[in-house]
Amino acid sequence: MTTPSAKATGVLKPVLSAQDALADIPDGATVLIGGFGGAGNPVELIHALIDQGARDLTIVNNNAGNGDVGLAALIRERRVAKIICSFPRAASAHAFTEEYQAGRIELETVPQGTLAERIRAGGAGVPAFYTRTSVGTPLAEGKEIRAFDGRDYVMEHAITGDYALVKCLRADRMGNLTYSKSARNFAPIMCMAAKCAVVQTVELVEPGAIDPETVVTPGIFTGRIVHTPDAVQEQVLFEQGARYP
Amino acid sequence: MTTPSAKATGVLKPVLSAQDALADIPDGATVLIGGFGGAGNPVELIHALIDQGARDLTIVNNNAGNGDVGLAALIRERRVAKIICSFPRAASAHAFTEEYQAGRIELETVPQGTLAERIRAGGAGVPAFYTRTSVGTPLAEGKEIRAFDGRDYVMEHAITGDYALVKCLRADRMGNLTYSKSARNFAPIMCMAAKCAVVQTVELVEPGAIDPETVVTPGIFTGRIVHTPDAVQEQVLFEQGARYP
Amino acid sequence: MTPAADAAATAKPKKIGLTRAQMAWRAAQDIPDGSYVNLGIGMPELAALYVPDGRQVTYHTENGVLGFGEGPPKGEEDWDLVNAGKKAIGLLPGASIFHHADSFAMIRGGHIDLAILGAFQIAPNGDLANWRAGNEGIPAVGGAMDLVSGARQVWCITDHTTRAGEAKLMDACTYPLTGIGCVTRVYTDLAVIHVVEGRFHLKAIAEGITVEELQAKTASPLVVEGEIEVMAPPAL
Amino acid sequence: MTPAADAAATAKPKKIGLTRAQMAWRAAQDIPDGSYVNLGIGMPELAALYVPDGRQVTYHTENGVLGFGEGPPKGEEDWDLVNAGKKAIGLLPGASIFHHADSFAMIRGGHIDLAILGAFQIAPNGDLANWRAGNEGIPAVGGAMDLVSGARQVWCITDHTTRAGEAKLMDACTYPLTGIGCVTRVYTDLAVIHVVEGRFHLKAIAEGITVEELQAKTASPLVVEGEIEVMAPPAL
């Protein structure tokens, strides 16, 4: 007989190597990747994804990579069939620029706030919503326009991902996360919108070590944890002229 | 000549008495009121609103008040023309029950998550969105139903308020807020969705005293601050059988 | 006749079916390891008491807490920390707190693995009515409609019939619906029933009642295939 | 002839119009007290340097920071703390950090009082083109469309004409639009122009240029009513 108890413990998340954490990503997967500028790019996870070899990926990120590391390297290695982002253009985005000009990568340009809201909607079970953003511009072409209170809005659809790859500062074993300053950016909503969020964390702590009031991503949105205490900032790699692999 | 400088200080919020903070609420205003159960009800602000005298209010709250204090007292005093909430029924909601049965108050029952999302949409500039919630039920009657990926969803509209009345634990002079446990509930999204969010706070601190990583409501969403260090929990008042005024 | 059999013969007939606690216990045995669960007020929330030791379950409450447990003793409650039933709760290690829109993003977005709720009426197509018995009184829905349409699985714990003996499992609900096609399992005092492809599948039955007797209390055909468990809950 | 006049006569003609820093300065003088402001990359962000002392302004950046200021010196940057232009920034007392969806909720929800951006073309109906000059190259929009449709006011800081001398203020934009009916003011090297009810209203003009000369550089009629300020920026 089972003794009545409330001793069931909370859900712990697997702590894996980057290799194991990404092993099941299939060709053709949609992968949401956090980061904005140098802040929050999960460089170690992206490099592990390059090693893993998945192809024909659809990537969602605000940008299209810089230099020869991280997302730029993934693109250069021709693993990305399509990218959904707000700002793919940059002097240092030569990998994307080359692939785009050669017609080897599809681009969906989305206003940054619409991109964020579409991802948040994907995580929140909202299939579509209306926004004023892009009304009257080429980015609204082909989309439904609808008036509310006499103003036109464009209908936008949710974005979901098979996986998210994000970087955080601190994770507990139950997957609760906090971030470092503006490295937070897209990570919390990408964890929400992915079937499996793979999180690389600088610090790994026990449940209870993060004040419940300060948790940014509750563990329910975290799938797998990769402990990367020595993670390198993408901006630093870029300035060093690093190249992966 | 102005010397080039970046010395402009951030925006400070007025710290007022409850009376002054609510003085300009007109008859007919829509007022979003935080709180769920006993947690987070801005009792002192609601009592000041009773004293202020505004009538024909539309109130948005998860419930319809308990006992003879706070929102229940505002209803009993017949200041509320309409209430938008998810769960108006309770053994202790006699004020609402009487007014409702007498046909003196209009009720819009909204599923709790739809209520939360409509308020969040109001704050986020999203006029309407689709949700699965309530499809096929009486609460979807008269609303647009639309299929996405073969499933039906109902269109819901944003809720905005002229004012929000919420309670927090700690506010800095720039209006950054943190809350106490589940007293957080609707407050952050109501601050977003109101033209003027009036916040009663137990603690009032200087800018910089709240870690930027842990701010729950950024100051941009806060309109006015009322310092109520001795605020009483509604549940405690209710259990004491208190009555206001 | 042994003394025990003698006592049984002279006592009033043993009540057939599970107690409320036993119904919660039976559902609790099936809560999957590693799941995020939202328990409705009443019998559903009792289930937390009976989840087998060591099974990993995290509880969610609509009003913005993940990872809560039992509250402090009466008189020591912190009324800033309550669950959706407005009861005082406590935080377990690894808890997190968030606002209402984020809380329902968890629900609507399909992140809650399981919601266990009460029921007035359930139909074999998965339709559920549990928010109002007809159109009288004050319509109050709370988070029920969000939970039934958002959680990945929806189970109901309910008496098999009303107090008046009317069936709660029926071909089509007559009360206003809470959600359509949402219920996947039903735990009653008499049976465990899975709702699969528009039919009620009997999976377990209480001791002392036959399938025919159960069918008589069920206003929709029961599919009876394979082995049917005879429920053996502990005394609760 | 005085020595100074002599020097002026022999030097090349004094350049008419404001420098980039002066344009930013002129816009900064008008930033309202108590406002939340988002400054675009380039000349707009220079404006933060010239807001009059004591005026309360809080700066927002799309990537999730409110209340930032100048970054640390070169070599000491924290690359986890950048603005939308990917420059290292610093946090001022009272700063807050939030995720991208919350950041754009601030913008889309009308909570940002003022966005100041660059411009390729501006029409008197408030239409703005500032994200791509034609349909060539890689389409990259960033947060511009969200800002122009969400901020309560949208000001542009831009040279009055292109380097080739073509008008940027014109009857209708020919480049792909960033937003419709959004621009409320334009600060150029030659003028300050308010966009009101479908017309360009001249409010201030640079020293050394006549209204007629300004009109010749503007491909849409200027409304000239009331007193026109002659801009007197400091040397910057």
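Observations
Letters are used for the chains, namely A, B, C and D, taken in the order the chains are written, and counting of residues starts over at 1 for each.
The rule is simple: contacts are C-beta pairs under 8 Å (C-beta built on N, C-alpha and C of every residue); 3 or more make two chains touch, one makes a residue touch a chain.
Predicted, not measured: the structure shown is a model, and the values here were computed from it.
Within the contact network of the assembly, the step distance from chain A to chain D comes to 1. Looking at which of A-C and B-C shares more C-beta pairs in contact, the answer is the pair B-C. Our note on geometry: chain C versus chain D, Cα centroid distance of 60 Å, whole angstroms.
Here the CA centre of chain B is 37 Å from the CA centre of chain D.
If you average the CA atoms of chain B and of chain C, the two centres end up 32 Å from each other.
For chain D, the set of residues that touch two or more other chains comprises 65, 91, 97-98, 101, 104-105, 107-108, 150.
For chain B, residues touching at least two other chains, in rising order: 117, 120, 124-126, 131-132, 179, 181, 212-213, 216.
Two chains count as a pair here when they touch; such pairs are A-B, A-C, A-D, B-C, B-D. By the touch criterion stated above, chain A contacts chain C in their complex at residues 1-12, 120, 122-126, 172-174, 176, 192, 206-208, 212-213, 215, 218-221.
Within the complex, the chain D residues that touch chain A are 61-65, 78-83, 86, 91, 97-101, 103-105, 107-108, 127, 137-146, 149-150, 176-180.
Within the complex formed with chain A, the chain C residues making contact are 21, 25, 29, 34-36, 48-58, 60, 65-67, 69-70, 91-98, 101-102, 104-112, 150, 234, 236.
Against chain C, in their complex, chain B makes its touches with residues 36-40, 62, 86-89, 96-97, 100, 107, 109-114, 116-117, 119-120, 131-139, 179-189, 216, 233-236. Note for the complex: chain B touches chain A at residues 117, 121, 124-132, 148-149, 151, 153, 157, 178-179, 181, 211-214, 216.
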